[in-house]
Every structure is written in C-alpha cells, then in structure tokens.
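The two complexes that follow have chain A in common; it is paired with chain B in the first and with chain C in the second.
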Partner chain A sequence: MYLNYLANIARYIPELILVALMAGLLILETTYREDEKNKKYIFIGGLIGLVVALASLVANFSGKSETIFSQSMIIDPFSTLMKIIMVLGTIGVFYLSRISKDIYESLKTEFIVMAVGILIGGMILASANNMLMIYIGVETLSILSYVMASFKKNDERSSEAGLKYALYGGLSAGIMLFGMSHIFGVLGTIQFSGMAVNLLKLNQAQMLILMPSFILFFVGIGYKIAAVPFHMWSPDVYEGSPTPVTAFFAIVPKIAGISALARIGFIFFTAATPMRASWILLLMAVASLTMTVGNVTAIGQKSVKRMLAYSSISHAGIMLCGLVVINDIGVRAITFYGITYLFMTLVAFYIVSIVQDKYGNDHFDRFTGLAYRYPFMAVVMTIVMFSLTGLPPLAGFVAKFNIINALLNSHFYTLAIILALNSVVSAYYYLKIVRLMTLKQQESNEVIEGFGFLNQFIIIVMTAPILVLGVFWENIMMLANGAKIFFQ
Partner chain B sequence: MSIYYYLSAFLFCLGLIGTILKKDLISMLLCIELMLGGVALLFILFSKSTGFIDSQLMVIFMMIISACEVAIGLSLIIALYRNKQTIYTDEIKIITE
Partner chain C sequence: MHGLDLLSWILWMPIIGVLGVLFLPKDNAKAIKTWALVNTIITFALTLVLYSKFDPTVSGMQHAFNVRIPWIPQFHIYYALGVDGISLPMILLTGLLFMLCILSSWTQIKKSLKAYFALLLLLESTVFGVFMSLDFFLFYVYWEVMLLPMFFLIGVWGGENREYAAVKFFLYTFFGSLLMLVGIVALYFATNQSPDSFNILALQGGKFTTQTLSLFGTTVSFSKLFFIFMFIGFAIKVPVFPFHTWLPHAHVQAPTAISVILAGVLLKMGTYGFLRIAFPIFPDSAKYFASAIAWLGLINVIYGALCAMAQTDVKKLIAYSSVSHMGFVMLGLSAMTIQGVNGAVLQMFNHGTSTAMMFFLIGIIYERSHHRWIVRPDGSKGFGGLYTQLPIYSIVFIIGMFASMGLPGMSGFISEALIFLGMYEKFTTITVLALFGLLIGAAYLLWMFKRMFFGEVNPEVKEYTDMTKLEITYMIPLCVAVIVFGIYPSPILNIMKASVGQLVSLLATF
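Right, the complex of A and B next:
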C-alpha cells in the first residue's frame, strides 16, 4: 500500500521537476548581489527547467491512464495535453517578460518564479480527481496571481487590480467551498469516483439540494476562466497588470479551469439524469453570455490590450460551448481550440507588447501604417487577427468549426447560431487593427527597437502553427480519433 | 437539521453580505474570513452527520490556505495604501470602464 503510494511518483515527474525548479530559482536568486541588474541565469535556468518538464510530459503522453496518490490525481492523455499547452504558454511568456519593458527590471526574476508556481497550480487543477485537489489547484493559481497582478508596485492601477483580484477571488473561493460542503453533505465523499457512484442513487429531495450546490461550485472555477457573471475583475486586472502578466493570465488559468470543468462534466454528468440537464443548462447560459458580453464590450475599447482581454473572455465562452456537449467530439474540439488559442494569443500579445514599449501606450492608433514600416510584422498580425476572427484557412477557423460541429452533432442549434453570430461581431474589432495597419498612411518613420531580427524570428515561429494547423488539421484530428482521452 | 447548520449558514451569509456592502478593505478581508469560518463549521458538521472524515481534511487545508490569502491580501492593501493613502473603496477607483 505505502509502496504503491511511492511508486506513483514516477507518474508525477513533470510537476516535481517544476517544484524543484521553483525552489532552485529562488535559491539561485539569492546568490546574486543586490545591485545586479541582468540576472540572466535565472531566465536560462527557468527556460531549461520548463523544457525538461515539457519533455517529460511528452514522454508520459502515451503511457497508460491511471489514478495516483490514493485516487486524488488522474494522469491521462487529456490532462497531459492540457499541461503541455500550459507549459508551452509559460515558455512563450518567459521570453516575452524578458524583452518587455513593462515589468521592472528588478522584478523579472520574481515574475519567472511566480509563473512557475502558477503553472504548478494549473497542472494540479488539470489532473485533479477530488474536491480537495480542485480547491488546492484553484488557490495555488489564485494566490500567486494576486501578487502577479499588482506587479507594478508604484503604479496605482496595478495595485488596485491586484487587490480587486484578491477580493473577488476570496469571495468566489468562499462560495465555491459552500457549494462543495453541501455536495459532500449529500454524497458523503470528496473523491470524484465515489461521488459519481453515489450521484445515481439520489432521491428527489437530495437532487434539489445538489443542483444549486453544483452552481455554487461552478462559481469558483467560472471565476478563474472569467465566465460572464463572474468576469467583472478580468478587464481591470488585464489592463492594470504588465503585458506579459496579462498574456500569462489569458492562457494558463483559462486552460486549467476549462480542463477541470471538462473532467467534472465527464465524471458526473455522462448518465442522463436531471442533474445532467441542469448542468448543461447552466453551461449553455454561461457560455452564450460569456461570448456575447465579451464581444460586445470589446467593440468600444480604445486600448488594444483591453480589447484582447475582452476577446479572451469571449474565447473562454467558445471553449465553454465545447463543454456543453459532454462527449469525445466536444473534448477533442476543446483541446484543438486550446492549442490554437495558445499560439494566437501569444503572438498577439508579443506584437502589442513591443509596440506598447515603443510608444508608452497601446491605443489602436499606434498600429497605424505598421504595414509600411514592418511589413512582415503587419502580415503576422493580420494572420493572427484573421485567425482570431475565425476566417479560413487558418487554425482559428478550424477550431471554431470543430466546436460548431460538436454542437450540431448533439443538436444544440441555438448555441451554434449564437457562436456564429458572435464570430461576425468579433470581426469588427479584430479587422479594425488590420484596417489601421494597411489602409492608413504612416504617421512617422520611427524604428521600433523590439522588432529586431531575433524577435521577429520568434514571432514567426509562433505564427507557423496557426498556418500549419489550419491546413493539416485533418491528420491531427484523425490521430486523436478513437484515442481514449479520458480515464474512466 | 441541527442548530449548527443554521449557525454556519448565518455566518456564511453574514460574511457574504459584509464583503459586498462594506466600504473599507480590512473589513472586507475580515468578512471573507468569516465566510470561510462558516464553511469550515459546515464541513465539520457534515463530517459528523455522514460519518466520513474526508471533509475534516478539507477544513485543515482551508485554514492553511485562508491564512495565506489573508497574508497576501494585507500586503496588497499596504501596497495600495502607499500609493493612495486610503483604504476606502469609494476613494480608490482609478480604472474606468
């Protein structure tokens, strides 16, 4: 029994590497003198650690699915894939934090340490198999995020954003726990496997207690992915925090929350019960609200970063659509969406960050005439914006197509129509940037330093998957076809 | 249902309402703690009534994590106070819609 417990560690190596990395980076930072500016070994060490963790995740990918640590964690292809997305996102954000001027030079190392911590929280959430692990995952994500959001210590906006995040976070964690306690009271266990068994044996009165409890439980995770009734914090936090932090928040917590929700849906609501109907209704309402509110508010924004923040809310809504259909097609669509969303968001934030570093703000006007100064970058930005809108033949189109396909397969016609209409609305503000870049004459001929050869190269490397996945997606989906994604 | 259920639900609601209505940040943090206290009591109550001890585990972790949360919350309040010299929510709204 105890030996089994220890043997499980072999399946938990990626997380252990990251924990060791976080501790190691903290120790490494103390070896620097206080006035040392360029702490490049921490950056290099962090990058190496992440790549090693990524390699070990990929090596684990095809291993058999199993539960570890007395069924508290689950290791299966789905969780591994979500972790790979999160690690890739963190690697991208690391480099962005290195070149960005938005973070104080002296805090860049702290950013790297904390990003690794948040990544660990996200990984716990992605493979959580009981309520305690969900709670620990959410809080590990949150507590470090509060600090990260208020990174610009001397900036009022940044510290206000962090505090707002902390208060909303504390409130939603409390509500989530209230729901969890009632779920435990009815089902008598915190293990998902045991809960799923007990769920089928309930009487009418117990179900009536359980339905609102699951809604309360949803609040905690819905808050992390900024689903709409709980999204109030996110535009402020996204605008107030430095750009690399915003990019990080747009990727890692969202992917982690979505994967936790996918697992909850799969474990509890595969059998046709009244509970399943109420869960689907909840997700449908939240998804359509999230898409619509995110898109409609994004239209009126002046700052590109804030626009991207709202658009990331609406993208979370689209991923929630894939969760409404609780079947394999939906999950495959979500994972594909997650991968494309990762690359699109990273490239968009890279370009916005570099332009913002040059001009001090990121209003739409700053992109005027970029096509004449940096044609390459304008082309890349256009590709990303087209892909975010969902125009063929780019990856964003395929991702949206897969989600609509999953919806239509399970006869959710209303939701599919809302999704399609939202794509049309989103075209307005995405294509606005393209219009400004190409159709307007340039105002000045200034050189943007960030667009050096290396940075341009890295941006183009990250754009390549958007093109490749858009054309050759069929083969990739065929590979995933029939694969057992979930451990059941 | 025992009286403890009503007590913990009362504590939770008190915390929830307090967090929404209160205007100064320290009280808001305290109200969040009150909320978590109510939930912890609820977990212990359910542990007694169902006979399973899983939820007592939850309570221990909740206490640790809420302590971390308060520490972070207070340090963020200090950071904000250094910039704005106030902890009242009415006076610190900077980010506009």
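Right, the complex of A and C next:
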C-alpha cells in the first residue's frame, strides 16, 4: 500500500512543485523586507516555478493514463492538457499583475502566492477522481479567490465583490456538499470508479430519485464556471476585482470547472440511462441560458471589464455545449476551445488593463480613437474581438466550428442554432470596441505609458497563436484529440 | 501545371498588393496609389489571360485550372480552387471593377490612404476567393473574411451615419453566414465525414433528398431545412426582399468605390451562392421552393422599383434600383430553364457594369456638389440644368441610365429579355407582373434624370466643372462594356452556356 503510494508520486510532480513553490514564496514573502528587489525575486521565483511545473506537465502528457493515490486522483492526457492551459494562463497573469497599477504595490507579492494556491486548487479539480477531491479542489480554489476578489481594500466595489463571492461560494459549496452526501448515501462510495459501477445497478426509479442530487452536485461546479443561473456573482466580482485578478478568474477556475464537469459526464453518463438523458437536458438548458444571458446582458454594459465578464460567461456557455455531447469529439472541441480562449482572454485583459491604468476607469470611451495613437495595439485588439466573435480565419472561429461540429455530430441541431445566433448577438458588443477604436476620431494625443515596447511585444506574441491556430489548426487539434478522458 | 498557377496567382496577387502597401511609407500617397493601381491592372490582366485560356465548350469545372491541395487533411479540408462558366464572368467583373475603383479613389479618398488601399486590395482577394473556392470550408472562410475589410471601408471612410451602416451590414451578413455554417457542418456529417464532405462539387447532385432529422421533436427533411438555411445566408447578400434593409444604409454611407464594389460584385456573391451551392446541392428543395423564390424575386422587382421612385437622395435611388435589378436575377434563377439561368448570370454581369457606372457617376457629381439631393428636404431642387453645364458627364450618365433601364441595344435589355423568355411558360403571372417592374424602372430613372439634368439651371451647378480626364478614363471601359455587350453578348454568353446547361439539366431531373 505505502509502496504504491510512493510509486505513484512521480506522476504528481507538477502539483508538488507548485506546492513547494507556494510554500517557498510564502516564506520569502513574510520573512524579507518588502522592497522592490525582493518583490522582483518573488516574481521571478514564481515564474521559474511555473515554468518548471509546465515543463513537468509537458513531460507527463505522453505518459500512460492512470489513477494515483488510491484512485483519488487521475492523471490522463486530458487533465494534463487542461493543467497546461491553467499554468500558461497563470504565467500570463503574473506578468500582467506586475505591470498593472490596479493592484496595490504592497499586495503584488501576495497575489503571486495566492495565484499559485488557486492554481493548485484548479489542478486538483482537473484531476479529481472522487467526490472528496472535487470538494477539496473547489474549496481550495474558492477560499483564496474570496481574498483575491477583495484585494482593493479601500475600494467599496472590491470589498463588495469579495463579500458577494464568499457568500455565494459558501452557499453553493454547501449545496454541493448536500448533494454529494446524498449520492454517497445511495451509492455507498465516494470513488468515481465505484460510483459508476454502483450507479448502473440501480433501477430506473432509483436513478430518477438520485438525479436531483447530481443537480445539486452540478451547482457547486456551475457556480465556479459562472454558468447561468449561478452567475450572479460574476459580473460584480469581475468588475470589482483588480484587472489581473479578473483575468485570472476568467481563465483558471473556468477551465478547472469545465474539466471537472467533463470528467463527471464521462464517468457517470456514458451509458444510456435515464440519468444520461436528464443530465444532457440539464446541460443543454444551462448551456443555452448561459450563452444567451451572457451575451444579451453584455450588450448594455458601459465598462469594458464588465462586458468581458459577461462575454466570458457566454464563452463558458459555449464550452458547456461541448460537454452536452458526452464523447471524444466534444472533449476535443472543448480542449481546443480552452486553448484559444486562454490566448484571447489574456490579450483582451492585457489591453484593457493597460488602458484602464492610464485613465483610471475602463469605460468604453477610453478606447476611442486608439487606432490613431497605437495602431498595433488597435489591430491586436481588433483581432481578438473578431476572434471572440468567431470570425475566420482566426482561432475563435475554428474553436466555435469544432463545437458546432461536435453538436451536429450527435444531432443537437437546436443547440447548434442557438449557439450560432448567439454569435451574432456577441458580434454587436465586440464590434462596439472595434468601432470606437477605429471609426471614431481620436480623443486626445496622450501617451499610454503601458504600451511600451516590451509590453507591446508580449501582447503581439500572445496574439500570434490566435492567428496561427486560425489557419494551421490541425496539429493542435490532433493534440487535443489525443487528450482523451481516461476512466475505469 | 500552368492552370494551377493562374488561379492562385489571381487570388493571391491582391495580397501581394496589400503587403506592398503596408511596407510603403505612410506619407507617400502617390507611391501607394500607383502600387495599388499597378497591382489591380496585373490582376485584371491575369483574369483576361484566364478568359483567353478558358474552353467555352467544356461544362463544369475546367480541369486545366483546378487546384486541390490538402489544408487540414484530418477534416478533409482542401485549398481547392476552380473556375467554370458561371464563375468566370464574375471573376472578370471583379478584376475590372477593382481596377476602376482604385482610379476612382485616386482623388476622392483623403484620409488614411494606406489603410484604405490595403483594405480594398484585401477585399479583392476575398471576393476572388468566394468566386473560386471549391471547398466549402474555404468558401466560408472567404465569405466571412470579406466582412472585415467591408466593415472598415464603410465605417471609416463612409458618410455621416457610417457607423450604423457598417454595423448593420456586418450583423446582417454575419447572421446569414452563421446559419450557412450550421448547414456546412451538417452536410459534413450527412456525408459521414467522407473525404469529399467539404467538396462543393462532390456534394452536388441531390444526395440528401431522402435524409431527415428531428428538430424540436418533429421530423423535417434535411434537404429542405438546410436549403432554407443556405437560402437565408445567400438571400441576405443579394438582398432578397425581407432581408434587404441593410443595403440602402450601406450604400448611402459607403464611399463611392465601395458602393461600386458592393453593388457590382458583392451582391452577386449571393446569387452566385445559389448557383454554385444551394441549387446544385439541394436540387429537390430548390425545385420545391421555386415558386416561392419567384414570388420573392417579384417583390424585389416591384418593391425595389417603387422604393427607388420615392427617394430624394440619388444614391439611395440607385441602391433601391439594385434591389429591383437583383430581383430579376432571382426570377431568372427560379425559372430553372436554360434561358432563365443564362439570363440571370448575364444579368449579374450586366448589372455589375451598369450599376457601377451609376455609382461612379454619383460619386463624381458628389465631389463637386457635396450633396446628393434630387430634391432637398426643404423642397427645393438639389440639381437642375446639369445637361447644359456638364455635357460629357450628361452623355455618360445617359449611357449608364439607359443600360440600367434595359433599353434595347444596351446590355441590360438582353439579360432581362432572356429572363422573361425563360420564365414565361413556368410563371406567366409573375412574368407579366414583373414587366411592370421594368416600366416603373424606366419611370424612376427618367424622372430622376429630368429633375437633375433638365429644367432651370441651379446657380450652384454653374460652378461645377465637367468630368476630368481621370474620370473619363475610368468611365470608358464601362461605357464600352454596356454598349458592346448590349449589341454582341456572345463573348459572355458563350462561356457560361455549357456550365449553365449542366446545372439546368441537373435541376430538371428532380
């Protein structure tokens, strides 16, 4: 038993690296004086740690799929790829937090430590193979998020965001736990593999009685990915939190929640049972609501950050569409979507953050005439907006195309049409930014300090995948295709 | 393979132009314009080479020019290009109009020249892409990418209300094309993801007549559902009656050259889509909906003409006349007879030249007057007596107007006559009603002419100068085209005959 434990630990190196990193950074942060030099060390140390973790994840990717730690965790290409996306997102956000003025100088080091913590939570969630690990993952993710959301102590909106997040989070965690305990009561185990076996032994009536518990279970994760109707917290939290935190929330918890949902779908609902039908119905309803509410509400927003918050809700909805079809094509589509979503979100938040730092707010007007002052940045922002809309030949289009592919392959015509119509709605508000940047004359000649050479370079580097994946997407698609979900 | 080179060269030549424009210095306006002009002349010359090498006796795609290179093999997506008798006239028209548009933009465009010419050339490439693609995915990519340059060209260089027009144009077209995308993916699975599932040619021939699918719990015919999807996608572009509302805005706000491209080429992409995709892939549904299409076409003809008559803005008048003329194309298509479809394709070409003339001419007068009112909102005349002041302009205008009206001896007449011939037996009532469209067409054009060119000379008009040499230069090819193809349409008719025949016989089997 113990030997098994040690044998497995090799597959868990990325997480261990991050835990060590978090502990190390915490010690550094608390022991040394808070001056510019030490902050730099913590930042660089954090980056190096993440890169090492990334390297070990990449090394892990081609390894065989297996369960570790007495089947409580699962390491398969799917979880590894999702973790790679999360780590990449964290790396991107680290640099953003460094240049952002939205985070208090004194809290930047704390941000780095906490981000690593949340990342660990997300990775647990992506690998979880029993209900306890799901719960631990969600809670690790959440508790640090509450603190992060209220980072701007002196800002009312930020405090409100933190409180709101904590209240909603506590409630939904409670609901999830309630659902889990009922499931445990019926199936007699918390291990996913055992649960799946016991589930099939139930008769039809028992299954229908158990289904509400799965819905409660879903609530906990649906809350993390801000699926409608559990999204109420998200716009306020996104708007209130400092921009790098918002960018982080838009990437890591979403990807983690989506991967957990994908696994749950695969483990419990592959067999044709009445539960599968109701699960699909639930996801379909949630996905179409999430897309529609996210998009329609985004139209009326005056703050770009809030608009992006709603847009990220709708993108979560699109990823949920990929989960409705419980098969490899769907998983492939959401994995690819996750990759493109990562780059699009990062670039959008970088630019919004830099513009916001200059003017102190992120109203749409701040983007007026940007094309005449910073043509490169305006072009990049335009590319990202069109990619988010889903226009070829950009990565966002290919991602959407694949989701539609997955849906139609399983004959979900209605959902595919809802998705298509939602894209039109989303085009309106994405175009709004493009319109302001390019079609309106410039408002001022002010220099935006954030658009220095290095930052522009980094932004352009992050935009490159959006362009490349729009045309030459076969290799990444095959990579995503290899990232199959493993279950016993 | 020489042919392989040719189509790709035509397609990518404007992109070379875009790169060139981007590398030229911003302030060197002359170099940018000259480069763009040279580039479009080369492109047009290449399309003429294509015309000379084209074998009019062969129906379907000409194998000498076909290109088929794997792009994303896992999904069976190819970079596949080809040309047949239906696409060749459109390719020629595109090459010609873009060249003339560069000339017309020479003095009219004053701000951000570099971006303007780069976007214009990008637009040219995407239009060629739409007319040449034989892979459905590639077709869709070009169809959508075309929105980007159009959005900016209308939105940045347009008139006062340009933003609204640009957004409306974008959203409308995007809506239609997304429905088409759903259709494309559905076809991909309907063919069991076979190697030919994105191949437009292989999909043709009514392979989906018996398939069904369930939607909202009811069983519907696969072919009919997705024919409607594609129909909406293409109809928005044409634009067919209920989907036409974006067009007047886009036209009125767009700068002259863009109006010309919009009316001359982009509208044809919609009808081209019917000919290349919607009809051959779903022939059974096309047959099924033929009379509905004919009625919609009739509404276009009459409604567009009546709207045109009510306009006081001359550009809006011509924009609505486009709606009316594209209605004739729809009528010809719905007839599904040799004469009807030949007439429709010829009308696509002829409308491209005649409406381009009209928009150019409006652009020319706008440069002098800075307004386009036939009758100003306060009731006074906007122009008046142009005929005595601007003789050359008036003559060119008369040629354009009569071509647009379909006067015998001018290009519009032949295509409209063919359309009526083709549809008379099938839709007699509609034919008779559509003839009134011609009458209204003559009425609004002549009435406009009377109000603008005759009558008391408006004092403002006295200050206008006649057409410059540059303006005459780019009007001459179009004048020649509308007159020559009015008397002797065979050069165009011959190349399309075989391909149209093939399409009609396919439709006849259902």
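The definition used in the following text is that the second predicted complex is superposed on the first by the 469 of 488 C-alpha atoms of A that agree within 3 Å, B and C clash if a C-alpha of one lies under 4 Å from a C-alpha of the other, contacts with A are read in each partner's own complex, and residues count from 1 in each chain.
Here is the rule we use: contacts are C-beta pairs under 8 Å (C-beta built on N, C-alpha and C of every residue); 3 or more make two chains touch, one makes a residue touch a chain.
The structure presented is a predicted model; accordingly, all values stated were derived computationally and were not measured.
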{"item": "Contacts of A:167 with chain B and chain C, given as first, second, both or neither", "value": "first"}
{"item": "Touching partner for A:139 - first (chain B), second (chain C), both, neither", "value": "first"}
{"item": "Which superposed partner A:438 touches (first chain B, second chain C, both, neither)", "value": "second"}
{"item": "Contacts of A:413 with chain B and chain C, given as first, second, both or neither", "value": "second"}
{"item": "Chain touching more of chain A, residue-wise (chain B, chain C)", "value": "B"}
{"item": "Which superposed partner A:244 touches (first chain B, second chain C, both, neither)", "value": "neither"}
{"item": "Chain B versus chain C as contact partner of A:177, first or second or both or neither", "value": "first"}
{"item": "Overlap of chain C and chain B interfaces on chain A (superposed complexes)", "value": "none"}
{"item": "Chain A - residues contacting chain B, complex", "value": "131-132, 135-136, 139, 142-143, 146-147, 150, 153-157, 159-163, 166-167, 169-171, 173-175, 177-178, 180-182, 184-185, 188-191, 235-236, 239-240"}
{"item": "Chain B to chain A touching residues, read off their complex", "value": "12, 15-16, 19, 25, 28-29, 32, 35-36, 38-39, 42-43, 46, 49-52, 54-55, 57-58, 61-62, 65, 68-69, 72-73, 76-77, 79-80, 83-84, 92-95, 97"}
{"item": "Chain A residues touching chain C - in the complex, by the definition given at the top", "value": "386, 389, 391-393, 397, 401, 404-405, 408-409, 411, 413-414, 416-417, 420-421, 423-424, 427-428, 431, 434-435, 438-439, 473-474, 477-478"}
{"item": "Complex contact set, residues of chain C against chain A", "value": "72-75, 140-141, 144-145, 147-148, 151-152, 155-156, 162-163, 166-167, 170-171, 174-175, 178-179, 181-182, 185-186, 188-189, 213-216"}
